[in-house]
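These are the structures, in structure tokens.
What follows is chain A paired twice: with chain B in the first complex and chain C in the second.
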Partner chain A sequence: MTASRSALWRDPALLIVPAIGFLAIGFVVPLVWFFIETLQEMGSFEDMILEAVSTISSRAVVNAMITTNWIALLVTLLTLFAGYPIAYFLANSDRLRFTLVLFCIIVPYFTSVIVRTYSWMVLLGRNGIINQFLIGTGIVDEPVALLYNKLGVVIGMTYVLLPYMILTLFAAMKAIDPSYVRAAHGLGASRIYAFRHVYLPLSAHGVLSGCLIVFILAIGFFITPALMGGPSDVMIAMLIERSVEIMLDWPSAAVMSLLLLAVTLVLYAVYYRVTDVRRMMGA
Partner chain B sequence: MSDRQVSPALSTYVAFACVGLLAPIVIVCILSFAGEGYLHFPPTSYSLKWFATFFGDTRWRQSLLSSTLIALIACVIATVIGFLAAYALVRSEMRAKKFILSLMLMPIIVPTVITAIAMYFLTAKMGLVGNVLWIGFCHAVIALPIVLLILLAALQGVDLNLERAALSLGASRSRVFFKVVVPIAFPGVMSAALFAFLASFDELVISLFLAGARAQTLPVRIWNSLHLEIEPVVAAAATFLIAVTGLVLLVDGGIRRLRSSLVRKTQA
Partner chain C sequence: MSLKGAIELRGVTKRYGGDRVVDRISLAIKPGEFFSFLGPSGSGKTTTLMMIAGFAAVDEGTIDVDGANISGMQPQHRGFGMVFQNYAIFPHLNVFENVAFPLRARRQPEEVIRKRVRWALDLVQLGAFADRFARQLSGGQQQRVAIARAIVFEPRIVLMDEPLGALDKNLRYDMQVEIKEIQRRLGMTVVYVTHDQEEAMNMSDRIAIMNRGRIEQVGVPSEVYERPANAFVGRFLGEANLLDGKVERCEGDQVRLRVGGLVLRAKTHGTLETAMGASLFVRPERVMIRAAETGGPGGNRASGQVRRVSFLGNIVRYQVEIAPSVHVMVDVQNSGRPPLAVDASVALDWAVDDSLVLVG
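Moving on to the complex of A and B:
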């Protein structure tokens, strides 16, 4: 056995080298190369700044940023309000119910995003199942526009991102010692009082991590808004894709990507401070 | 005792939410067996004709083959590299472990559109658009964080004393790795491999840029047909993807049961 090989076995830390090398080649190099090459094409540093400012302040990009933030914020709040009771239920129920509810969360969680988006398109379309039902029962006469607008995007994205919120909240709630709540009951607190003043504060960091992860994923979302949105619901990730695929405008794509990447990384840094990353994605 | 904290109102809400979570997927599965040419629920007649179209069409079949090949390549790369890295992260005395892990999880945090465009930029320069092997390599970047998360959790449960015992009995480090660590971690590695396969098999955005016309994967084919018209054959393709997910979850459940029974045996 050569010296280097025996060193490898003595210190397991070196086993991380292939992964670092792989991510460097497959992930870091493409990103860095893409940004450097496209930004260099713009010419001098001053030209680059001017181009970046004109791209970011253009009407299309400003609108897309506003749309992206609104939709991401709305989806984050919806998943929080819809998900919190479900996570609470998971953390406080017996084994059978726990397994049943977890099954209902895990199956959509691991189903392809394109399939989940498609299934909502089937439900919400002009001749979709919900409109068939509404017209069939006489609630409405004309099909209701549920798809190809903001409503469709928000419904689709909330559905896709809900499992992330539930699993993050559940991980935090599982760590809450039930004896605290019991102590509050023992001291005469009502159920609502004990929940508001004991359980809710204890689960607050879970709420923060859940909101951060859903917001991070939502601002970079592409598939669902691209398929379910209307012409005016362009999110920033769609604009990036379009500027490459349709307009072949690499510099704009690079500037917008850099902006989205910077926001994502700042939020990820906050997420890193408040969460154990090993619990990411409910592992 | 814990049940007292769950009120009937909460139970009712959770029951409705569970129906809401599963219903869209179940409805697509039912619709894929419909006999009519448009999507109506519930279908008035049932048939297998959309699956016949799906498996009979060369372009759908070709996309299924591309997807499978790419996912197998991604799965092998991500699982092998990810296993070594997870072992290093669990066992070594490295400082800043959490920070290194947070960097290695970056591929699932950075918006896939950005990663995909950067990869496309490089791929086009190298003339590798539509190369199945290269797409598998790129998919492994996305699958690696998933492998890491699963294996970190699995390896945490492996008793360090077993390795120490083997070492003190005179086994070399490499022998301990292959004869003790790998066999004990094997169920976890299998789970990780399954989810790595699934991550690649379901991936759309990177494939959309890198596949070209030659290596269109199943999600890319679905994406293309959704831009034209919602034809029922897509329901069959979607049902196929759902079935693959179901199969992966089923096998993983079996592996987990096996693992917990093994742990109980070693503890006894």
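Moving on to the complex of A and C:
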């Protein structure tokens, strides 16, 4: 008896109990309560389904979902193409250069998202630094609209989400044994051939994980699109906020939240499968 | 078979910071030769191989292959086959694609690839494993894949960096025999790095013994074993007795050496001066041991007490004290007779031709 009890107390699994408790109280309970409350407001089960269907198929939600997924896709691809070379550099450089570059990437993120978004607005505005430069050098005559449209949202979100991509890719690349690339060279492969046929495939799971993480984060984004987007670039999270705060239409907000949660969970399931496959590969 | 695959190192040096990890090495490896670099860790043997392979830059000196200087060439242009210490079997490719890799990198046509890979896999007896991945193979099988991948494009030179280091002892011997057999059949030059002296002696045509970035001796295995150039080689390769003494007199190629209170005779291949310090080298298996009363033939004689008896299976090793704190190791084949007891008085003798005077 005492033996099994003390064994239970020594189980390191106990250490995650506070975290799980916090998640349950701070996240699961309010979420469930929110759904129950709002769904009850709708009345019978039949009404609920009708309400849900009409909300999801409404023009606003369909447009927002298309915009959201499109922006999330663009942002994912941009972070991938910007992040891959940086992660490659980090994974293959000495300590000093690694520390320096990582410092430059991480430090801006110590300030709040709002501050960083406003600094982008200073850069991208009609009379912002970039437009002044473009007009000053004579590349354009009129200021380019870099803000309050899709371009602004994509630029801002790409910047905010880039570190997630870089760090995920970096972790995957750091796990690649450098002897594989060396072996490829030793067996006659050129730099490009070795990269395409050895390094890239070995980092592929990192690419997939990074893309999924960035995409999952991007579809739920709120602050950046709200501040940097135009009136036509409504993302689903903004629509939810509007329903709750302005329209006071909690049932629609609940349905949209569920929709977003469902999409996220599906993507997370894919992400989970991918990381599992990686472990199976032993890489 | 074309006579290609000669490697010549001239004054090759590698520096890390102020240290010369490889110090002005010069040697010529003949086409079709199985050549081993043998030495303790940190002796510079792997660095030397990495310079031949092109993964480490040559700081001084040149490396020629078939008369052409390759010192500055990128590894992928050198055209060597390589077997790495950890095999480096690509985990995302199956056995077939791993072996096909050097051919695909050389843009060979598909039917050539198919034929060559089949040939290489049959050579290492892995024909049935073409669809497997590295994680589904044993260590020995991964080793065979690495060898097949290194020879599939029929390079004239194959470099091997401690390829058997991770295998257990029995498998190791089998693989030694197999690698040697493949090398002999294909007539390629193999440059092999190992710290295992048995491995080097079993496979090599010639061995270079390395120590602290320098080559101590180059020669065929029996020569290096029987006539070591210095005390380091004698001690590193197999078991050896090295008895410290002083040169008493030189008579042609024979030397009289005073060890403790005894005067022993031995061969020399250098010039020695009277009264200089030197060591007498004799292999434990060349020393005869018998109970004290009986006299025997032989050039050098000594008597003493057995201080330790070690049973090693196929041999029994005695440690005999022939003078105060002068010990001689003697190996006797285990013939089934009961071994001599500790503290027994014994007589030792060995031929003058079996012993050498070494300096350093």
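By definition in this document, the second predicted complex is superposed on the first by the 256 of 283 C-alpha atoms of A that agree within 3 Å, B and C clash if a C-alpha of one lies under 4 Å from a C-alpha of the other, contacts with A are read in each partner's own complex, and residues count from 1 in each chain.
The criterion applied here is as follows: a contact is a pair of C-beta atoms (placed from the backbone, for glycine too) under 8 Å apart; a residue touches a chain by one contact, two chains touch by 3 or more.
All of these numbers come straight from a predicted model, not from anything done at the bench.
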{"item": "Partner chain(s) touched by A:V274 [first = chain B, second = chain C, both, neither]", "value": "neither"}
{"item": "Which superposed partner A:I36 touches (first chain B, second chain C, both, neither)", "value": "neither"}
{"item": "Touched partner set for A:V53, first chain B, second chain C, both or neither", "value": "neither"}
{"item": "Touching partner for A:V198 - first (chain B), second (chain C), both, neither", "value": "second"}
{"item": "Chain touching more of chain A, residue-wise (chain B, chain C)", "value": "B"}
{"item": "Footprint overlap on chain A, comparing chain B with chain C", "value": "191, 281, 283"}
{"item": "Touch list for chain C against partner chain A, complex", "value": "53-55, 74-76, 79-82, 84, 86, 88, 90-92, 101-102, 104-106, 135, 149-150, 153, 159"}
{"item": "Partner chain A, residues of chain B touching it in the complex", "value": "2-3, 5-7, 10-11, 13-14, 17-18, 21-22, 24-25, 27-28, 31, 38-41, 77, 80-82, 84-85, 87-89, 91-94, 98, 100-102, 104-115, 117-122, 137-138, 140-141, 144, 146, 148-150, 152-153, 172-174, 177, 195, 198, 201-202, 204-205, 219, 222-223, 226, 230, 234-235, 238, 241-242, 245-246, 248-249"}
{"item": "Chain C contact footprint on chain A (complex, rising order)", "value": "177, 179-180, 182-191, 193-194, 197-198, 201-202, 204, 281-283"}
{"item": "Complex contact set, residues of chain A against chain B", "value": "1, 5-6, 9-16, 18-20, 22-23, 26-27, 29-31, 33-35, 37-38, 82, 85-86, 88-89, 92-94, 100-101, 104-108, 110-116, 118-123, 125, 127-129, 132, 159, 162-163, 178, 181, 191, 216, 219-223, 227, 237, 240-241, 244, 250, 253, 257, 260-261, 264-265, 268, 272, 276-278, 280-281, 283"}
